[in-house]
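In what comes next, subunit A is part of two complexes: it sits with subunit B in the first one and with subunit C in the second one.
Presenting the complex of A and B:
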């Protein structure tokens, strides 16, 4: 026992445990449960059948009561493990429940009815994944359309963001011209204007441009990001000007210099911006909510919200769709976690 | 023979990746090379300055059309009325929209106001700010202090706490809505402890509590990373010197860590405040603003008034958003001022 304790409590450097260590580890374990638990619970729940979701208290794993077709009954009957009065244990099928008594039959010999108090029976349960939660919305609702819309918006907005922002960053980092400071301040100033403040007038502008109820109306207002311009500009400033001078000697056009020399060298910063842009656009909610009114144009987030807001929330579908909406972000996070956290720490953007 | 083996080895190692990359970038390459001709002509005719304009134009145009122009339109809009959408069809009403918003018999009681939803939104947003900002700052501070310790798997733990930040507000709202359901996990856990659960989101106190809790849960990881960066910039030798003098760890925390972290903390507080003023999506998905108007925030009022209501009133929504914009502007200038002072301190 003492050896085990020494092993568990052993620390690098051989220091004794300080009370702050206990506090720290408690916080970490609590954090682990609280931060990951909800998403895991969501995923587990999403594989439960509709009836299993209504159970209280809920089970951890998706369990269903086994059923069996019994001769003489049209519907499959639920199986229960029953302790009879004489102490014998049998598996019986429940025909119906009347108050605290359940009428049961032996599935192999359905002739004889047996009355059992409900306290003396346990359902026969197996783990079963209700994959129909995932497959049915794909067929019955426009889930695939939402998914396609979200992918289209995310990919297009990210590609345009990268091109447009890197062009501006190139001009602001590699050229000396009058008004450069003004342009920088102008771009910085747009940071001060968050979407909710200009929700109404952007909507008006979008209508002037005839982009209401169009995916381009979702994409265009978001593609120029001040944070993106600054991130790329800071990075481009570190690229030596000699490279550009050499290219000019070789009669390369300015566009070629941007596209063939600067862009490839900015790849790491572009990657960070791309990851963020994908996250932003995938998760966008308020703006698509305002600009899209036709159901078939909804992005996943808007579609999911509309679906979850309906009067009879069909949780078994909503949970499965939520998991699918979350999945791309989780995958990106698992693989690119290091880029993301270091990107946030160095730029303070989100 | 040798050529053959060479080809196969290169095919198994690098070609698939290179090929895939080339295929993915091929259309982009084609477009970029195609536009080179006209752009080279532009450069030859108008000189390098034209190219600078060309590089800046798309970005500035988008900012102009979708940020600056809307700002102007917003101001004009807030002084007009009627149900028309386009500017030339709207009628000027002077300060009427603002008067409507401020038409209150008693400013402390939202229900005495003509736009009771606006004032409910103002007070709810205030409550939210006053409670969520300290909550998120405090939890982020503790987490950052814990993560700043010498320990194995620090990257893993950092990732755990950051994970919710990446979830969309809709997903965050739905996850917690599911946990807080009448038959949900929380009530089951409370039941297991012998406590009575409740319909959490049906009660105005608890709905606000969970709105604050959920939004703290979702954003804490972001501020943790900023604070962590601040902690790591504190010179190690300060702690070594303190340890040499026999300073206890809690004392070192109070006398060294916290004072030196304060500038970073200030940035976190203001960023969190700016966020809190604009709170909408996760709370909207979680509670829908309810029960009643008890968690309806300012942005939700703008959205409802301008877009979701049957009788849309874009002028009123514009006026409300300008009032919010003024508050945000003050906060942002404060943030920029602090950032400028910090960079001066660092430079000096």
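Presenting the complex of A and C:
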């Protein structure tokens, strides 16, 4: 920890503050707030109760009013800090509110009823996490199904993407054939075509193949990515040709060369593509929306969207499910980042 | 073990011909070294034999069978690359096993083969390491092991020692020679270092610009080079070439004069009519640095420019009156200083005569320092 602390707190001016230190720190802190702020806000808000979400001004932490069981009453009563007419401050439990007058009792001495104007009272609040925001949608609604669908689509699409793209990249990087350059340019040129343009044609094809309203209809059109092919090709170009020649002399078939030599050596680039693919597929909204019509097949993104309209925007559920939707991508990224930073394939050559 | 025959092999890259009609035979159990300057086509020729490149024209025959259209994997050859080309993500054991697994050998046999080869090359303690954890010499032995374990018909080695430091190179050279003897394997070895060629080869093939200049045993090439290129390439330090003129032609020898005022006269056995040599023809005389001695009497006059004392011998860079540079290696330590005028005795050295195009005309290999000719006179 000492080394980390030293690294983080180092300054150009040594012990004093140089103006570049001030600028750097301001920039970094501002950036941190800008980037992380909304995510933290989202997470904290997802733990607020529905009524707390409607409050203005909003509170940072999820707060709820404390309650206490009072003798003689079945339900727990909310506690308020009250300023009485004589200026005294007391903590009282509210029985009911009628108009602008609140009927309150002393929680220790419930017999006496005191009427207090609502302006004079303030709720006693504590931090409490409304975890039911998370559990209720999963129990009562089909969110778990949506979750499974998303996982299925993402995992299958990523696996197929990695295989298909690496095969194309291998061919385009390590094989010499006429028209190789043209093919590469064609593939890259498709990057220029925006999705709305090809949306309808792909939809027609999907329909024709009877893949409409199925998860495979969501997966298959998305697996051939020009970005992936290009990324992997550039990485494979750095694999020395002599390795492949040595493998050929070792009686390896072309498939063996691909599967046992090229793929393991391309691991860092594959990890990058996997991260990209997971992010794209998990967050993909438009394509699943177009293809899927059965509610049981909805992915999380589409489910969230339908959720919002159907239930009159129950914000607390929407927020909670959004956090859940965000989590897997973050976890995958943290897990796979190790591969990117662990360095290029060290070679067996001098 | 296999033998190899190349018949009129031509290789073109686009319009440029890199190999012009190579004819060669490599016999079973031989160590043949391809040697030549950079760009002479020796690596290309090796790759064509391996099957990694296709010959534009000509035939490659392994054990009498034409293999031009057979892929590299199926020719039954093994190659050791200049940069070793070890699979970096596999351990040494897996590197060695890869080729055998592809041949679908039973696992127990694979293990046995690997252990045998590992013992032979003394790489047993390294079997579970990855290539990046090995030193250069160890990697090279693993690369050789990978070739041996496949029991190929011919071993192809592409400058395997060029990435090692000088001391290790000497050690590995003798190890390779011992390996060749032990395995009795046919080996084709490519190098640009003529010392490696001389020490390792049963036969040397000297290549230049895609053509074979000469094929022969090391001593054949040293004593009877066919042309000026081979004469200058083989032997270290390089042979000296002096310009001279034919002064007299008669019977079985010609008289060549050289030096200022044609003072030095050398008689070289040569049948003048056979080679169309006439009086006043200009010729080159090749003399090796180690065979020149100093003389007190009138010798070929040179001025010493630079003297290198090595302890066991003295190397003197000299310059003749016609500005030709001459290198002489004298045994022992001589007190020669810069600017000294020296007289050289050329008559007792082995002489090689070349015409202006570089073709050998004749010569005489004399018994002398380091030379013991099979016959007295040769042509």
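The working rule: the second predicted complex is superposed on the first by the 289 of 350 C-alpha atoms of A that agree within 3 Å, B and C clash if a C-alpha of one lies under 4 Å from a C-alpha of the other, contacts with A are read in each partner's own complex, and residues count from 1 in each chain.
Definition applied: a residue touches a chain if its C-beta (ideal position, glycine included) is under 8 Å from a C-beta of that chain, and two chains touch if they have at least 3 such contacts.
Computed from a prediction, not measured in an experiment: that's the story for all the values here.
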Contacts of A:29 with subunit B and subunit C, given as first, second, both or neither: neither
Which superposed partner A:240 touches (first subunit B, second subunit C, both, neither): second
Contacts of A:318 with subunit B and subunit C, given as first, second, both or neither: first
Subunit C versus subunit B, contacts on subunit A by residue: B
Touching partner for A:202 - first (subunit B), second (subunit C), both, neither: first
Contacts of A:256 with subunit B and subunit C, given as first, second, both or neither: both
Partner chain in contact with A:264 - subunit B first, subunit C second, else both or neither: second
On subunit A, positions contacted by subunit B and by subunit C: 253, 256, 345-346, 348, 350
Residues on subunit A engaged by subunit C in the complex (per definition of touch): 240, 242-243, 245-253, 256, 260-261, 264-265, 345-350
Subunit B to subunit A touching residues, read off their complex: 28, 32, 35-36, 39-40, 43, 48-49, 51-52, 55-56, 58-60, 62-63, 65-74, 77, 85-87, 142-143, 146, 149-151, 155, 157-171, 173-179, 181, 183-185, 187-188, 191-192, 217, 221-222, 225-226, 228-229, 249-250, 267, 271, 274, 278, 280-281, 285, 288, 299, 302-303, 306-307, 314, 317-318, 321-322, 324-325, 328-329, 332-333
Subunit B contact footprint on subunit A (complex, rising order): 12, 18, 20, 23-24, 27-28, 31-32, 34-36, 38-39, 41-42, 45, 53-58, 159, 163-165, 167-168, 170-172, 175, 177, 183, 186-187, 190-194, 196-205, 207-208, 220-221, 223-224, 229, 253-256, 258-259, 279, 282-283, 285-286, 289-290, 301, 304-305, 308-309, 315, 318-319, 322, 325-326, 329, 332-333, 337-338, 340-341, 344-346, 348, 350
Subunit A partner contacts - residues on subunit C that touch it in the complex: 50, 52, 71-74, 77-79, 81, 83-89, 95, 98-99, 102-103, 131-132, 136, 139, 146, 150, 163
